[in-house]
Each structure stands twice: as structure tokens, then as C-alpha cells.
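Chain naming follows the written order as A, B, C and D, and within any one chain the residues start at number 1.
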Amino acid sequence: MIEVEVRWFAAYREATGVEAEPVQADAATPADLFDILRERHPALGSRDAALVAVNDEMADWEIVLRNGDTVLFFPPVAGG
Amino acid sequence: MIEVEVRWFAAYREATGVEAEPVQADAATPADLFDILRERHPALGSRDAALVAVNDEMADWEIVLRNGDTVLFFPPVAGG
Amino acid sequence: MAESLLFRISESPIDVDSVRSSLADDRCGAYAQFEGWVRNVNEGRAVERLEYEAYTPLAEREGLKILEEAQARFGITRALCIHRSGLLELGDCAVIVGVTSGHRDAAFQGCRYIIDQAKVRLPIWKKEHYADGASEWINLRT
Amino acid sequence: MAESLLFRISESPIDVDSVRSSLADDRCGAYAQFEGWVRNVNEGRAVERLEYEAYTPLAEREGLKILEEAQARFGITRALCIHRSGLLELGDCAVIVGVTSGHRDAAFQGCRYIIDQAKVRLPIWKKEHYADGASEWINLRT
């Protein structure tokens, strides 16, 4: 079980209805964490093409999270 | 034998020392004409990459010249 | 030279003339500039205005990385990119890229690389507001 | 539209800002601009100023053809090209190309096509004046 701060941006903020939330979860990686939070916020949809940052650094979905991390979930960008 | 007006530009004007000259020559085409005039102005050099216009239209080196034509000889352009 | 590359998120209108003049450089024979403008239609829907949301700390850091990559790959001399955040009206400049180099090949390639990468890698999102009152986050990658 | 394409030889300095603003268009999401600047060195020689000689009637006619070709090939919306003639100092803008289109692919490709063709097809010649007092007509094609 870890404790992290989660921040949602753009379409994700509108899907979850919150800008930031403290989360306690049994999540080893950002990928785990997103999947767990999708149960709480079903409007999130899949994380295809989404990006994640940890403590203001772009991160891999499979890195190991630590207590106190801030996890930023970025919906897919416009691309055009 | 045809009578044409010849105009020289940029490096060609400096090589010939004239901007324009009336020419009587036994030349069927701009290519013929240039080769004949190179004898008069040896500093002209080859016409590789040079362009020619007749009566203000870009022209092929092998078109047939007519009396009264104005023939513009353009040295190679900078390209860069 | 650190000052030869600059990436910024701007909440206020982009001063296009100053972008170009800030890049003036006697060593450079070529300058390429790209701008993205807010257009009045997207995929058939009449657009009235746009909204960009950026996560500035990371966008500026990642944006600078893109400029550094362009310099390493193409040997450009200087590059500047400014991307808007906030509300934009039709015709507004949403993003500008300016690149200088000795010759034009590098300037074109560097400019293209920067805008292409910026569009897919930066935490910047676009919301379109339509003439019919609806609005939508735009996402071309899914 | 005839007014959507414009090619000019200019004996006076190019007003860069007005080039861009004259192309503003709500239908266009992309604007690409290229400029050739007078640089202080060419192939190792210190350049002090440049001189462009143009045969204007034909350069403007052939220049417009290039713009029409770019519009036909790439579907660009508007294009403008101005090339200087006369004496230019270091840093001066010798040529500018501005292109608008719906999306950036066409804008980049059209802009590149126009400058590449302009460099090889137009009756415009460049003479470099060097710091050592010498001068030379430049000709990269032979």
C-alpha cells in the first residue's frame, strides 16, 4: 500500500471531477494506479496514448512508485 | 542571316562589356547565336546552366529565331 | 550557447515580430518560421474559439529538450518556440517556431521537427468551442 | 483567386511584418515562412555586402508560375514571395516566402518548393562583395 498525490489534467480532470486527490492504493506502478483509479472514475476510459509524469518528470508507466510521489496523469495530446 | 537584338545580364554583361547589342549572324537558334558570339566575346565561357529568353519568354536553346527577335542571355543563377 | 534555444508557454498573445527579430544573426543565411493559427473549422464543425491548457513546468522542460534534439540532429544555430495557453480567438497564433541556420535545409528540417514533436510530446491540450455552444477536448491520437 | 498568389521583385527593403499580416486567413490553420538573410561569410570568405540583379519582367512572371505550381501540387491556400534586387547589407532579408494552408504539411511543402524553385529558375543573380575589396558573381550550378 502506498500513499501518493494524483493530479488530473484537461479531459481527465473533467472525467474525474477533481484536479488533485490523495490516494492510498495497492499500486506498484503508474499503470497499476491508473487501472485502480479507473474503477473509481469510470469516465476515464483507456490509457492508450496517455502520458504520465512522476514528480514533474515524464515517466514510464512501469516505474516503481514510492510513498509521497506526485503522479500526473496526462490525457492524449491533440497531435494536430 | 538574321538580325536580332541581344541583351546580356550580370556576369555576361561584365564578360562582354555591353548591356545590349544589335547582331547580324548566320544563326538558326539561340544556341547557334551564343556560340557565334562567344568568338567575339571569349570571356563568356560555356553556356552550361545558362538560360535564354526570347522576347521576354523563357525559351529553349533550339527554337528557331526570327528577324527582330530580342534574345536575352542569362548566366547561371546562384542556386544557393 | 544556452541562450540560443528558448521554449516558453505564454498566457498572453505571442509577439510574432519580436520572435523573429530576437533570432537575427549575421552568421545565418536561412530563417524558417512556422505558426499554428486558430482556424474557423475543424472536421466540418464551425469553431468559435479555442482553449489551451498546458502544464507549464513540464511543457517548458520537455519543449527545451525538443529544441536541443533539433540542434543536435540538424545543426541549426538558434531556435525559439512559444506555445499559447488560455483562451484564443479565430486567427490567433497558437504556436510559433523560429529557426535559424547557415543554410536552408537545416532551417526547414529543424523547424519541422520541432513543431511535429511539440504536437505529440508536450503536456498541452486543446479544447474547441463550437458555434453551436458545444465544446470538446481534441485528441487525434486515439 | 488571383489575389491569393503574389510574387514581386523589390528594390526597397522587404517589410516582413506586412508579408505575414497580408496572408492572415481564418480558414488556415498553418503558416510557414522562409527568409534568406545576407550572412557574413560564404565558403570561408568574409562577405561585406551583396548585390542582386534581377530581370524583373521575366522574374515576376516565372515567379508567379512557381507559386501556381505550388498551389496545384500541395493545395496551399495563399502564397507570397518577394525577392530583393539592388544592394543589401549583412543581415538584410534577401527573399521571403510566406504560405498558408489548412494544415502544416502543405504549408511546409509549398514553402520549400517555392524557395527551391526560385533559387534555380528565376533570372536573378547574386554578386558578393568581400571584406578584402574583391567581388564575384555567385554561381553554384557550374
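Criterion: a residue touches a chain if its C-beta (ideal position, glycine included) is under 8 Å from a C-beta of that chain, and two chains touch if they have at least 3 such contacts.
What you see is a predicted model, and the numbers here were worked out from it, not measured in a lab.
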item	value
Chains contacting each of chain A and chain C, listed by label	none
Gap in Å, rounded to a whole number, between the CA centres of chain D and chain A	49
Centroid spacing, where centroids are CA-atom means, of chain A and chain B in whole angstrom	73
Distance between the centres, which are taken as Cα means, of chain D and chain B, whole angstrom	26
Touching two or more other chains - residues of chain A	80
Shared interface positions of chain D, touching two or more other chains	none
Contacting chain pairs - touch in the sense defined above	A-C, B-D, C-D
In the complex, chain C residues that touch chain A	53, 55, 57-58, 61-62, 119-127, 137-142
Chain D partner contacts - residues on chain B that touch it in the complex	9-11, 14, 46, 48-49, 51, 53, 56-58, 72, 74-80
Interface residues, chain D side, partner chain C - complex	16-17, 20, 24-41, 90-91, 100, 102, 104, 107-108, 111-112, 115
